[in-house]
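The data blocks that follow each hold one structure.
Next come two complexes built around subunit A: one with subunit B, the other with subunit C.
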Partner chain A sequence: MNIITTARVKSPWILHFDTGSCNGCDIEILACLTPLYDVERFGMINVGNPKHADVLLVTGPANRRNARVLRNLYEQMPAPKVVIVIGTCGCSGGVFHNCYNMLGGIDKVIPVDVYVPGCAAKPEAIIDGVVLALQRLAERSESKPALAEALA
Partner chain B sequence: MITPSIALEILVTVFALVVAPLAGGLLFGIDRKLTARLQNRIGPPIVQPFYDFIKLWNKDQIFANRSQLIYVYVHLGAAMASLVLLVWQQDMLVILFTLALGGISLVLGGFSVRSPYSQIGSQRELLQMLAYEPMLVLAAVGFYLVTGSFLVAAVFARGTPLLFELPVIALSFVLVLGIKLRKSPFDIAAAGHAHQELVRGLLTEYSGRYLALIEMAHWYELLLVLGIISLFWANPLVVGFGLSLLLYFLVILIDNAVARLTWTSMLKITWSWGAGLSVLNLAAIYVLSYLGWIGG
Partner chain C sequence: MSARTVIPFGPQHPVLPEPVQLRLTLEEERVVEAIPAIGYVHRGIEKAAELNEWVQNVFLVERICGICSFLHALCYCQGIETLLGVEPPPRARYLRVVWGELHRLHSHHLWLGLLADSFGFESLFMQFWRNREMIMDLLEMTAGNRVIVSTCTVGGTRRDIAQEQASEILRTLDKVQNELDKLLPVISNDYTVRSRTVGKGVLPKDKAIRLGAVGPVLRASGVAQDVRMIGYAAYGELGFTPVVEQAGDAHARLLVRMKETYQAIDLIRQALAHMPEGEIITRVRGNPRGRTISRVEQPRGEVVYYLAGNGTRNLERLRVRTPTFANVPALVQMLPGCELADVPVLVLSIDPCISCTER
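Coming up: the complex of A and B.
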């Protein structure tokens, strides 16, 4: 890995967006920041601003109300970026499946890199998911054409 | 014509410009590690600020308008210039005004975009400057009263440390450092890492490379303020550095022990405990030197 890729992998700033989940997975994400799991030791910071973020963590299903906001947040993040969906309802709709206002999983609206299933997903699973996403980020950062594509 | 003394001057300048951001970045890394340990966490490696910097530098470049970018360069340039002036042992007031120029530039950058977060953040940054500038100027006045000159060189020429005459003013730098570093309880304009006051206030509309440059300016500013604190014990300077690191540690401790204040409380605290006591310190010097107890 070259220095740029290393820096990207070691400093993922996370933006957390809740499209209308039951809040179960949100609590688990916040648990990752507590001293027990302490994700800051991997350089992860929970930022509130899409313009500063590298990783978008989405909880909850895609619905008609939030699709526009979700797409907007995704587009405001500067490349390279990765998207992780936390929880079953974000992966496929989960318990909200077939509700009248549902579009389905998050991937109906924006491209998703990693799916972390579980209702609710455990903090360990979330950290695993972020590690997987960072591998994706590293691969993308190493292969120039893919990066150019991602930047385009 | 390059004489040896000019060559030395250039060498020192380059050294300051290269080493200062490295040292500043490391100090911020140590800060994050210490903060994590104080919260019973492991914390990131101490080189984390450099990872952040390189990552930000290589991100896609998005900006709201071009004037926003000029303000970033002025901000960084002013921080660098004021540090160089300090290394050259120039006029204390000029150093402070250059620093203020950089601060104002960042505020203008925040005002130049339409984001309400950025606007409120800039307003608050102005309030923060209103809070710490009097203390800085009073410190310069204190230097003048004791050494008879605003020049930093005069501080070095003096044998006994300034700390004995200006203990309160030296202590007031805890407040200055806290505000400059965006630490609790004064992190109201744009909080430091992992806090999200106003979605990071006046930095809201900056991303990627420009955020990295602002971060770098911050490293220079840290070293500048620590350098000014070191002047309170200029002979030998090592003791001064020790003193400044002590105050830095104190600021980190306070950051972890207290919550964020509102801007009214910030102004009250800085103007009474900071500037107010500094004025008393200056008055005491007048009285003591009138009585002939201290020279000056």
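Coming up: the complex of A and C.
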């Protein structure tokens, strides 16, 4: 691994966006940041600015109004980046699959790398998902086109 | 008149866990007007509830809001029970109080932490969330899941609390209360907390009533109104007085919620002490027919369910009025005149739950 990849994987910055979840998964993501689970020991920090973020955590199914916001956030994140979907409704629509305002899973709007099912997903599962996504991030960071794009 | 700037606060903002937009019109640093723009998390649950069978809806309404999921299910089940003419067994009513108050306890911890975070008091945020994990463990122990517990059902509850579990709950509540005793002086006297909340977003009593505020927002303005006083579930048999503060500012709302955590601990203790033996569920027959209104006090205030059944397996209509919806007019009145830096604190002071509001 080159030095940029090492640095990236050791301190992935996380952006969290809720696209219509019931808050259950959102509070579990916050619980990950707090003393019991403490993901900051892995260098993960929750940031508010998509331009600083490496990992996008999305909770909830996509609906017609926020699909544009979600795509916008994804495009503002610099490459290499990974997307993790937290919760069953973000993976497939879940309990909201037959609601009229739903587009379905997040993968209908942006490409997704890791799916973390669960209603609500437990903090352990979320941390597991992020660690899986970091392997993906390392691969992308090593590959030449992504690196060129990131440095451009 | 100085130049006006319009700042879009949201839909994606570090202080908001959920997407909602406030279009803030500013004159220099001062907010002149705030217009909320909603719809980012609208799913269409009310329509989906008509398509599902009424038994399935218990699981759907729980997912209106993940923070107070049990209380949504409770409100829905009480409505259906009224329509069917079913009375849940006494033990189930007490069990509902225990889970309901555990939800209030964890929700208030969550909110107290988030408010501290909104003015940059990181360590207080962490303290509250560390404390909250003990309550989440209790929920996991009694229900098998941390957030969506799915224990309430039409006619009673789906799970029981065994004697050992009850004593474990009591032991943990003692620890929670010990930790809260350390945090109470910080909430009431700390310089940072006071300077960011005292006198901010004042909502006078008459205005709070006129704007139809509910829950802690209303009680912080000096109105002793709490739906638990009507005595649903087992609240009528437990000793309880609503927490009231007079100041009506953000600090009063903070104190109301802080004191309600103690109240919730006390109610759980009472419910466990007086819990009768017996069945936890009555058998339910038939389909709901007629119309009814069901009300429950959530951590954020009063939730109202309107149910209309026509004697089939599907409901004709399910309407939900959530507490945040009732508190938004109060928020829009609070914001003009405050400084931009106070907006996050004031928005959080009503404890907004957008996924409830938009469903």
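Throughout what follows, the second predicted complex is superposed on the first by the 144 of 152 C-alpha atoms of A that agree within 3 Å, B and C clash if a C-alpha of one lies under 4 Å from a C-alpha of the other, contacts with A are read in each partner's own complex, and residues count from 1 in each chain.
Convention: a contact is a pair of C-beta atoms (placed from the backbone, for glycine too) under 8 Å apart; a residue touches a chain by one contact, two chains touch by 3 or more.
Every value quoted in this text rests on a predicted model; they were computed, and no experiment measured them.
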Could you tell me if A:Ser143 is touching subunit B, subunit C, both of them or neither one (first, second, both, neither)? neither
Touching A:Gln135 in the superposition: subunit B (first), subunit C (second), both, neither? neither
Is A:Met102 contacted by the first partner subunit B, the second partner subunit C, both or neither? second
Identify the partner contact of A:Gly48: answer first if only subunit B is touched, second if only subunit C is, both if each is, neither if none is. both
Look at A:Pro35 in the shared chain and tell me whether it touches subunit B only, subunit C only, both, or neither; answer first, second, both or neither. both
Tell me which partner A:Leu73 touches in the superposition: subunit B (first), subunit C (second), both or neither. second
Tell me the contact category for A:Ala7 with respect to subunit B and subunit C: first, second, both or neither. first
For subunit A, which residues lie in the overlap of the subunit B contacts and the subunit C contacts? 35, 47-48
How about subunit C: which of its residues touch subunit A in the complex? 11-14, 17-19, 39-45, 47-48, 51-52, 59-60, 63-67, 69, 110, 113, 125-126, 129-130, 132-133, 136, 145-148, 353, 355
In their shared complex, subunit A is touched by residues of subunit B numbered 32, 36, 39-45, 48, 50-55, 58-62, 193-194, 196, 199-200, 203-208, 211
What part of subunit A is in contact with subunit C in the complex they form? 16-28, 30-31, 34-36, 47-48, 50, 60-61, 63, 65-66, 69, 73, 89, 95-96, 98-102, 119-120, 122
Quick one: in the complex, what on subunit A touches subunit B? 3-4, 6-8, 10-11, 33, 35, 38, 40-43, 45-49, 51-52, 54, 76, 78-80, 151
